[in-house]
Structures are given as C-alpha cells and as structure tokens.
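Have a look at the structure below, then the notes.
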Amino acid sequence: MQEAMIKRAKELLADGTVNRVMGWKKGEFAYDITPAVFDTAEELEQDFVCDDLTQANVSKYLIKESRKEGRILAFLKPCDTYSFNQLIKEHRIIRENVYVIGIPGGPKIDVEKIKAKGITGILSVKNEDYTLKIETIYGTETMPFYEAISGKCESCKSKKHVVYDELMGEEGDVLDSNRFDMVEKLENMTAQERYDFWRGELSKCIRCNACRNVCPACTCESCVFDNPASGISQKAAADSFEENMFHIIRAFHVAGRCTDCGECSRVCPQNIPLHLLNRKFIKDINSLYGEYQAGADTTSRAPLTDYKADDCEPSVVHERGAE
Amino acid sequence: MQVNNDFQPVIVAFCCNWCSYAGADLSGTNRLNYPANVKIIRVPCSCRVNPMFILRAFQKGADGVIICGCHPGDCHYTSGNYYTRRRITLLYSMLDFLGIERNRTRLEWVSAAEGAKFAAVMNSFVDEVKKLGPNRRLEDLRCRKQ
Amino acid sequence: MQRIGVFVCHCGTNIAATVDVKAVAEALSHEPGVVISQDYQYMCSESGQDLVKNAIKEHKLTGVVVCSCSPRMHENTFRKAAASVGLNPYLVEIANIREQCSWIHKDIASATDKAVILGKAAVAKVHLNAPLTAGESPVVKRALVIGGGIAGIQTALDIAEAGFDVDIVEKEPTIGGKMAQIDKTFPTLDCAACILTPKMVEAAQNEHITIHSFSEVSDVKGFVGNFTVTIKKKARYVDETKCTGCGLCTEKCPMKKVPNEFNMGLDNRTAVYIPFAQAVPKVATIDPNYCMMLKNGKCGICSKVCSVGAIDYKQTDRFIEQKYGAIVVATGFNPIKPDKYNEFAYSICPDVVTSLELERLMNAAGPNGGTLLRPSDKTHPHTIVFVQCVGSRCDDEKGKPYCSKICCMYTAKHAMLIREKYPDTEVYVFYIDVRTPGKNFDEFYRRAVEQYGVHYIKGMVGKVMPRSDGKIDVQASDLLSNEQLHINADMVVLATAIEPDKTARPLATMLTTQMDTNDFFTEAHPKLRPVESATAGIILSGACQGPKDIPETVAQASAAAAKAIGLLVKNSITCNPCVAHSDELMCNGCSSCEKVCPYGAITYQDKEFRMPDRTTAVRRVASVNPAVCQGCGACTVACPSGAMDLNGFSNSQIMAEVDAICK
Amino acid sequence: MLKIAASRLNELFDAIAEKQTLYIPVDREPNTAEYKKYESGMTMSSALNTVRSAKDFFFPQTENLAEFKVEGKSIEVKDIRQENEDFVVFGVRACDARSFSILDKVFLSEPVDSFYKNRRDHGTIVTMACTKPAETCFCTVFGIDPTVPEGDVSVFSDGENYFFLDRTEKGTEFVKSVENFLEEGDAAKLAQVQEQARSVIKKLPLAGLSTDSFGGDKLNEHFNSEKWAELSEACIGCGTCTFVCPTCQCYDIRDFDTGHGIKRFRCWDSCMYSDFTKMAHGNPRTSQLERFRQRFMHKLVYFPANNDGEFGCVGCGRCLAKCPISMNIVKVMKALEVK
C-alpha cells in the first residue's frame, strides 16, 4: 500500500492537482513516525511511510494546511475521515484546499504493547502472517500480532470513509463495535469503585496537555485552561480536584463533537484511558437523544446544540441503579 | 446511613431570573421556610449555568449544587432550558460516572408561581445533602476550612 | 482600586426583625474595596435614596451594593438613583436579604450569617461589574399585522389612525375572518356583517393601510424596531390591480361544483370566485385545484369574458420584502372538526352540524338564503339539540383542556334566534356549566331560558344516532333529575371547541415567540403585559392569544395597536445592555453559539487578523447584534473557549459569586 | 565490595523505610514504572526507567511557596515549607543521576533556590547501574557511563546480588546505617555483567550521535537554520517532552484563591506552551517554531554557553518514547549536525 500511495501522491503532485502531501515520515526506529508535509517526489521517495505502526491522525494539521496556498493531498484512514468531516462542519478546514485519499485503516500496532511484553531495544517490527517478528539489539523476538493491536483499533467503530475524493483499497462498513464495553463495566460498578478507578487513573495525569493538543476536536484559538481570564486556567493540577476539573471540562467541551478517534489515549504518556470519558458522553448521547456519530456528516445538528421538547430529565441519572 | 446533625452543608442554587428566582421570591413573600444553607445566584436563564460554575462551587467548598429554571416550554428565551436540560443531564451523568455522589447535584423546574415548590425542593435537597455528608470526592483540599 | 458602598436596608421590620442589619453592615465594611457600609430604615424611600446618592458623591464610589428586597422589586430604583448622580447604573448590585433571607428564616443568627454571605457575594460581583451603556437602535415607522380578521382590522385601523403605515397580511382572498361568517352577534343580536363590513371598507380605503390578501409571511428576520419580513403573495391568477370585482367571470365559470368554504362547504362555488359579496379586496381568485384551464389548459372562459383583461393564468407566487418596526400577530382561531367524536355522528349524519355551520345555515347570504332548513332534506327542523363543550374542557387527546369561552353565549344566541323566528321549534341545550361572565351576558342567557323557553339541561349527551326515518335519536342524561333522556331531534348542533389557526405554530417559530402547549401565543405577563409577547416588538391581538369573543378581541386589538404605536412613535429604542459579546481573538468560528441562539443574533464573518506571530490571517469569527440579543447566555456555555461572554452576568462575575458563597 | 542478595533486598528496604521515607521504582503496569513511597511488600521494578524522571524529588511538579491568610482587609503571610524531611531515592539510573547536577547548576547557583536546596540536602540518592539499555538510550553521548552511575551510593547488580559503592559523604553514612544488612562479596561476576553491558552500549543505534556541532559557541550556526520549520512542523505544542525530561527546569509561579487566603505555588511550565513566559505585551515567542527552537537551543546551545559546556540533556530517551508525534532531540541533532 505504501508504494501505491507514494506513486499516487507523485502523480497528483506532477499533474498539479496538489502542491503538497500530508503524510508520515520515517524515524530512527521502526515506530517513531512523525506526521509530515512533503513538497516533492524526492522527499516522498525518501521518507514517506505508511505501515502497521503508522497511527497518527493527521486531520488536525489540515486546519492550518488548508489555509495555505495551493491544495494539499491528505491520506486519511476511515477514523481520520470522521475527524476531518467534523472539522469541515465546524468551519475549521477549508474543504476545497484538501484532496482526500481514503486509505484502509488498521488494525495498527502500538509499540507500547510490544514494550509492555518486556521486549526492549526494538529496531524493526515486521508482520509475518499475523506474527510480529521484532528485531532488537538483544536478538529477534516474536509475538502474536493481535496482542500488539493499538487500543484505538481494538474497538474500531468504522472501516467506512465518510469523506474522500478518491479511495485506495476497498471501502469497508460501519462496524458493530464493542467500544462501550468498558464504559458499561464501569457503570455497573458502585460509585465508590468508580471513584477509586478514576482517582487511580487521573492521579497519574501530569497535565502535559498532549491529549488536548492532539485532539482534533480541541481546536480553540485559546483554550480556557490557558486563559487566565477564564478563572480556571491551570498549568498543573495542584490538587486532585484540578485533575478532575481539567478532564471533565475537556470531555464536556468535546461532547457531541468527539468522533472517538482515540488519539487522546494513544498519546497519553501516562496511559490514562481518557477516551472512556468521551465514550461515556457518546454512549449517553446515543441512549438519551438518539444515535449520533460526530463527523459522520457535515450538516446535522450536534446533540448539545439541539433539543427536543420531550427530552429526558436529569433525574434519569439519579434513577439509575444503586449507588 | 448516619446523619450528622451538626453538619451544615453549603448549597449553591442557580436560579433563572424569570421563573425560579421569582419563585424563590414568592416563597419568601409567602414566608415559606427553607434552610439558610441555600444561597441563590441569579442568572438570566438556566442555560447561563456553565458546568465550570458547578465544578467551581464544589471546588470552593459547596456540598451540593442545584439549578432551577423555567419549566420546559416556558423558557423566557424560548429554548434556553432545553439546552440546560441536555447539558446538565450529561454533566451529572459524567459526575456519576466518576463516582461523585449523584445526589449532590440536582436540576429542578420551578415557575414564578411555585413558591411552595421552591421551598419544598430546597428542603428536600438540603436533607439529601445532609445525608451525604461533606463533599469529599470533588473538593479541593486547599479550600477546606481549617 | 474599587470604592464600594454597601447599603443595608431594614425594610422597617421586614428585614430588621430577623436579620441583624447593623451586624451585616459592620461585617461587610471589612470586605476588600468597601469604603462605606451603612444601614437605614427604608433604603428605597426618598431619603434612603438620597443616602445612597450622597455617599456616591462624597466617597466617589465605583460600585454600590444594596442589601434589601428582591432586585426584581427595586433594582431599577437604585440604578436610577445611581445614574442621577453620575454613577453608571450597572455598577449597582442588589443582595436579596428579604425575600430570600429574612422572610424565610426564623433564627436571627443564621439569617444574619446568610445575609452577610449574600452581601459578600454581591460585593465580589460588583468588583467585576463594568459600566454598561445601553445601545440604541432605530425604529422603522411601519407595522405589520398578520391576520385580517376583526382583530387585525381593528389593530391596523388604530395604528393607521395614529398616522403610521401598516400592512395587513391575510392568507385568504379577503379580509374579514371568522366574524364575516357569523350571522348575528351577542348579546345585542345585531348583524355581524353590518358592523364588520364598514370596517373592512375603511381599512381598504385608509391611505396608511396596505392589504396583502391571499398572502403569507414566509420569513422574519431582525428584531424590535427593525424586522425584515418576506411576504409571499400567492398566485391568484387574477391581476389585483385590474380586476374590478364585477363578478362576470364567476357567473360564466363552468366549474360550479367547488365546495364553498365560506359557507362551510354547505353549498358550492365556482373555480374562479369571490368569497362573498362584501369581500375586501373585491377581487376574484382562481382556485388552481379546480380550474380546468390551470389543470389541463382547456377552458379559458373567464379570460375571454373579462373586459379588463385581469385574468393571468401564468401568474406565480411573488415574494416581497418589507421592513417593519413592530409586528402584531392576529392569526385568530378555527373551530375544531368534531369528526373524532363518533358518539355525535357528525361524520355520518348531515343534520349534525357545528355552530359555525349553523351560523351559515341561518345567514341571509348562506346556502338557504336565511331560512333554517335541515341540510339533509331541506325541511324545517322542529326539534333542535345543542351539545355544549364538544372538545372543550376535555381530558383526552381528542379535545382541548381549556374552556373555549364563547360557546355558552353563542349557543344562547342561536337558541334565542331560532325560538324567535320559529316559535314552533323546541330547543334543548345540554351543558356542563353555563358560563356567562361579561357585561349583559348573564341577562342574555336568562332571557333565553325565561323569555324564549329554551330547555337548558345540565347533562351530557351520550350518543347521537341517526334513525332510518330521518330523525335523530339523542341519548342524554339529566344530571339534576338524574334521568336518562331520549330526544327525538331533527337537528343536532355541536358547540365545538376553538383552537388557534394552524399557521400560528410555524409563525411563532419565525417570530421566536413562545406558545403554550395548545399553540396559543404566550403573553409576556399574564396580568401586566397581556398583549405583548415576550419577544420585544411582537404584539398579540385577538384569539391567537386565547379564546375571546368579539368585544374582547376588539379591545385587545386596540390595546395591541397602542403597544405598536408606543413603539413606532420612538425614533430609536434603548437596548438591554446585558447582552452577549464575542472576543474575536479567541473565537474559532465553530458555530456552536449560532446554533443555540434563539434570536438569530449571532452572525459570522471572515475577518483579517494580525496573529501573535505577526502574520495576518483571515478567520471566521462570531459577532453578536446587541439589538437582537436578549441576554439569555445560551451561547456562553455553548462556546468552549469562553470567547462568548455575557455583560452583567459574566463568567468571572458568576464565579466570584460562587467563590464568595462557598467561602 | 559490600553486597546484599537480591532475595533480601526487601529486608533492606524495610530497614531504610523505618528511619526515613524511601522511594523506589515500582511497576504500575508491565514495564511502566513510577517512583512510589516504599511500603512493606513492594517489589522494585525491573523496568529500565520510570516514565517520569526522578527530578520530582527535588523539583516537584507543584510546590507551595507561601500562604497569605486573608481576613477582610488584613493579610498575614504564613510559612508553609514542607521540604525538611530526610528521604532516600533508590534505583535512580545514571541519566537521572546526572540530571541532578544539571539542575544544581540552575537552582544552586546564586540566588540559591532554598526550596530546591533543602530537598537536595535532605535527599540521599542511591543509583542503579544499567545492564540492559534500550534503543532510545544515548546517555553516553553526554559522557555518562550508565554502568557506573553517579549518586551518593551506586548499586550494581550481577543478577543475584546488589553491590554497594558509596561515593559521597552522605553515601558513606547511608551505607554505614544499613551495613548490618550487607556483607562483603565477590564482584567477579559483576565485572562480567558490566563488560557485557558496555558492549551492548557501544552497539546502541544512537551511540554514534555526536555533540560536536553543538555547544555554547554555536548560536549563529543554528538559530537561523532553515531546518527548524520542517522539524517543528508537526509539533502539537504539548508539554510531554518537558514534563518527562529530567533536566527541564522551567516553572511558573501562581496564586490560588482558597476562599480564606491565597496559596502561592510554583509549578512546572513548558517552553512548548503558547502562554510560556507570557508578559503584558504577549508571548515573546509567538510561533510554535520559535518555541520548539527555544527548547532545543536551550539544551544544546544556551545551557552549555552558561554552564561550562555542559549540555542540558542526559540522553535518557524519555522524550523519544513519549512524544505524541515522535519528534525529539535526536532527530533535531541529526538534522542540525554540521558534517
């Protein structure tokens, strides 16, 4: 696929359809892949990469890129197209300036999962018939492919591209995913158990803002948490409350806008399952106000800027099972 | 559950100007008693209540937060309370998800004519929060009174 | 540094009996920024206000906190007082220590503590208050009246009388509305047409009034003083400016089997028609559902006979745009169709009619030329049963929960008219209650019973069954004698509930006005502002606001006109300064705020900005029209970045109050 | 050399913890370690390093500096220092151990940061020699020998035993305080383990990285380099690299209104943030390119310029592993390298 992508990108550069290509660039090892903009065929030949370890969602970069001169080619995985569409809806990306090629999605491999097996000194990772062959400085290691699947791909919601100018590979379907299982598991716990779970997770937060800054829904010119005039700006969580505050407000601000791309949890250096907060909102919205998938289209009214006269009362929360 | 009678919870009530604040006034005019723990903040519409305000109240030492607005369909601004209802439902659900006691938060519709309801709601909410005891799960320790 | 004055009111003993006002004043004097803290017997009195004014001058106050009764009571009083000595009125805050403190608490210690906290919250807020200046927006000196019934006509005439231009938009080909269909009016029994038609003519001839008949409002933009309305002039296939209303086309039209809606479908009209003789404008209209020419291009007779060449088969809907300063809604009512009530056999028996149908049956211009005959066999009815509250005061979904108000009186009128004209006819009225409040109303009803011998029976009609001999068996219960009755009737008249016109709901959405669950427009205040809607500049006239009889409708119509005139005489209106505003540097143009704004006050524009890194960029940013914004604050919460904030209730002000309360 | 059998390590921990607070790295998840206050029964992590560095012990992410008690119009200043307790950090790697001396240059030079100094004075650092470095390791580039870490006490493992080498006065005192748990041991196998580690270190993929192109005198070569645009292009401006970095030492001081007073605290700041060093007129570095450049110029040019050629990086590799977009100091050095 990578070769075909480079070939197609070079064609589109050559015929003037686009003047730049948004993709990913090889790193020092197998896994340290960086989103990058390529201007020439030579650069593409040299550095372009799109393999099992290429996870980053590049939609957010297109906010800026689509405002530059000329048109940019962007390779988007199915999940990335949802983010892209949502950004179109919010008038953040200028659609005409992006040429979208839909590429097949995952499952992608997360190197963290390989490292968690105690494998270190990783030089290269190859998928040989669903067995990963990992070259390390200490020799060759193997592990089953499925044990290294990235968290965001484990509960993939859709293999369908919701927006593209052309497709490479076959189009997939919206999947019946198990993505709410963990949310449900938490819902079925007692309040004390939930409290303990989240305290354990959120207390790890170092407020590096990686989740926020990578999030394609967090596109404010100035975040409330960076703006001293907001009264809640913080540079660090000086108390457990502030850890809660940051993550609750962030989840609330992206509620109805989060496409569940999973980048927040992927980039968290402390492995906090932040996507569960967003998924909780998605699950609530689906069950209380009707199925809604942010980014599935560019016209529908978002659940929090919409209402029905007979919406449920907040007492639905209070009437749930015992605390 | 053990009820600590000495515990005097701090209750913040956000009331919309057109219905609930007037309802609160009416409950005063009719001399209907409710505990002094309840302190009202006047907002133009319940939809002015930002989730940040609710969290801020808990941070700074509130033990319960209640939002009151016009009945659905009666909003002075036509649709404000409908947005409130969605936002607050989701927020309360999230707080519950994080294990924060769900009875510390409430949303009630109180019209300008419902002075008696206002007093009844406040009485029951204060009782509820008293049963729960001080807010510990969503407090900022730095703000705890020495 | 702020210089804040705190003024604690005793309100006689209203506050002072439960709150230690001196302690409150003392406690608040220690708050940061407070330079003077005083208490006084009656702060709202002349001398109390002077105390505040003098303190503002003497201590050069930058903010004032009055601890007193509800701000809903005296906020304006103290704001005016402050303004009179040069302090911006929006630098005054009220701490409500009466309704929300002294009146609800009995224990002095806890009430005093609470009063101090409420005072601290107000001080904390006033620290962040900004001087606000109410903006002004110009008023377009023209009014729109939607609906051309008696309500709309009266409102338009009164507005025109004051010298302002006013347009009437009427969806039917003629103005006149329901009153034009009515035969006689209660309680005077004078002829409806005789008193209505002169008014219709007056409206048509008034130089200030423009009538857009056969037209609808299709879009409303703008705000009080400056509405832009799009009016759809539906194609009537007749050039209004040429048609003289001679009626020749209607005589010659071969399509004569069109149900005549003016006569409630009890007779027929032609495809090209003038609804009734006194129609205004007296212009023909072609019904495209029946016209052979419009349907299949075969006919064209009307065009041939028209001597002025007014027929225009190619006419299409036209849209005109007009600016208005005020809009009066007078969309009126309709009787409900009683076909859901199987027990009354309305759908299966032609001799079961509604009251409005009876009006037409008795009207000289009606299908029978004014002689009351049964619709089925055109014979004279000898026994007539009136059924009250059909669909009114109804618990189930078939009807309406409210009392339709006018039925008791018009039924008395009908009964009386029938007994007067046809003394051999027995008239029975089945009622739940007879409600006749109103000038000369109860006397009128008593005349029906006492003078005209109408049989009023308190009870319910259980079943109406048409019999094979043409008679109608009416089964009913007499609640007073507790007997079951069978009446062998010739006709049954149903006093059906009235409901708002179906066009009202979409109109309310366009106007951003509120409606109740029954689709009646909601007034701004049920007692004190009964003719205005809560949306500034939208005024209510007639039955669109609730069931009304003619005198009440006319009274409200004139009241609505007074409100419209009150607006139009102003050159500009003062806007509420507590409105939202967007910080363009923070706005990311996502449109969340725009979507939740009930007034359409937020628009977006692409603006060029100098970015922090010294480049320029075009960004889409929100801006709020302060004249349209009503200050609800929905947008401020929808905005994730906090770019949107609300004057007078800013994020920081509310959080300062929260902090002060939670201390 | 004094040693303790690996099986008896927890006995030693229990003994230390009895006298003072002890922190050891423990596994939170497989191969994800964090320092925790030792409680009896905890197992020391075998992971190469912790996600967060050990700088927290001397320069915590947030630290209260003072409290102002406010009552009405009166303000009273209260001393709320909390950094006066002795503690031991066990298991610090060579890279982090070197980071302390870098931080010392910042915080212990005049004017001395008394909060930092107090914590330094009260802390004993027990380091642990590396035996199995990762692909992201490049400490040797900065002259660090991970097989012989600095610290008050260095500990070496041969798989069966832990050997103790006291290197400072404080270290000697520490070893003395636990000497009845230690015994003289044969370090022959240790030398073998060390030799093996050194041979791996030589072969590490980043071992060839050179600092020759960098240093205090290289300002003009790099500041205006065209490479910064491309390098910073993907940077999302988060603070992950600075917060996991053992040598990043920027902080902000803020006041928090508690309702009954003000708590003045300092907290880590990141030069990657758009509001870093924001002043009345705005931020002096207005683009992400400038912020990005600042971080790497600081580590590779400005810091050595002010600190006798010492670079502001210890090659721990944390930013390589944690950067959300995998841009890091190694890629920057390679791109800017003058060949």
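Note that the chains take the letters A, B, C and D in the order they are written out, and that residue 1 is the start of every chain.
FYI, contacts are C-beta pairs under 8 Å (C-beta built on N, C-alpha and C of every residue); 3 or more make two chains touch, one makes a residue touch a chain.
On a predicted model such as this, the values are computed, not experimentally measured, just so you know.
> From the Cα centroids, identify the chain that ends up most central relative to all protein Cα atoms.
B
> Give the chain pair, either B-D or A-B, that is connected by more C-beta contacts.
A-B
> Return the distance between the CA-based centres of subunit A and subunit B, expressed in whole Å.
The mean C-alpha positions of subunit A and subunit B differ by 36 Å.
> Could you please state the distance in Å, as a whole number, between where the Cα atoms of subunit B are centred and where those of subunit D are centred?
That pair's centroid distance is 46 Å.
> With chain centres defined as C-alpha means, what is the inter-centre distance between subunit C and subunit D in Å?
The separation of the two C-alpha centroids amounts to 71 Å.
> Just give me the whole-number Å value for how far the CA centre of subunit B lies from that of subunit C.
33
> Return the residues of subunit B touching two or more other chains; collapse runs of consecutive numbers into ranges.
As it turns out, subunit B has residues touching two or more other chains at 51-52, 56, 60-61, 73, 79, 83, 87, 140, 142-143.
> Multi-chain contacts in subunit C: which residues touch at least two other chains?
596, 638, 651, 655, 659, 662-663
> Could you say which residues in subunit A touch two or more other chains, in rising order?
222, 224, 230-231, 238, 304-306
> Could you classify the connectivity of these chains, where an edge means two chains touch, as line, ring, star, complete or other?
Drawn as a graph, the chains make a fully connected set, so complete.
> Note which residues of subunit A are touching subunit D in the complex, please.
27-29, 31-37, 56, 60-61, 115-118, 120-123, 136-138, 204, 206-210, 212-214, 222, 226, 235-238, 263, 266-267, 269-271
> Quick check on the complex: what are the subunit D residues that touch subunit A?
Residue positions touching the partner: 28-32, 34, 48, 51-52, 61-62, 132-136, 200, 203-206, 230, 233-234, 236-240, 242-244, 252, 254, 256, 263, 265, 267-270, 273-275, 320, 322-328, 330-331.
> Taking the touch rule as given, give the residues of subunit B at its contact with subunit D in the complex, in rising order.
60-61, 140, 142-143, 145-146
> Give the list of subunit C residues in touch with subunit B in this complex.
Of all residues in subunit C, those touching subunit B are 70-72, 96, 98-101, 103-107, 110-111, 113-114, 117-118, 121, 512-514, 516-517, 522, 534, 578, 596, 598, 630-634, 636-638, 646, 649, 651, 654-655, 657-659, 661-663.
> Of all residues in subunit A, which touch subunit C in the complex?
67, 90-92, 219-224, 227, 229-231, 253-254, 301-302, 304-306
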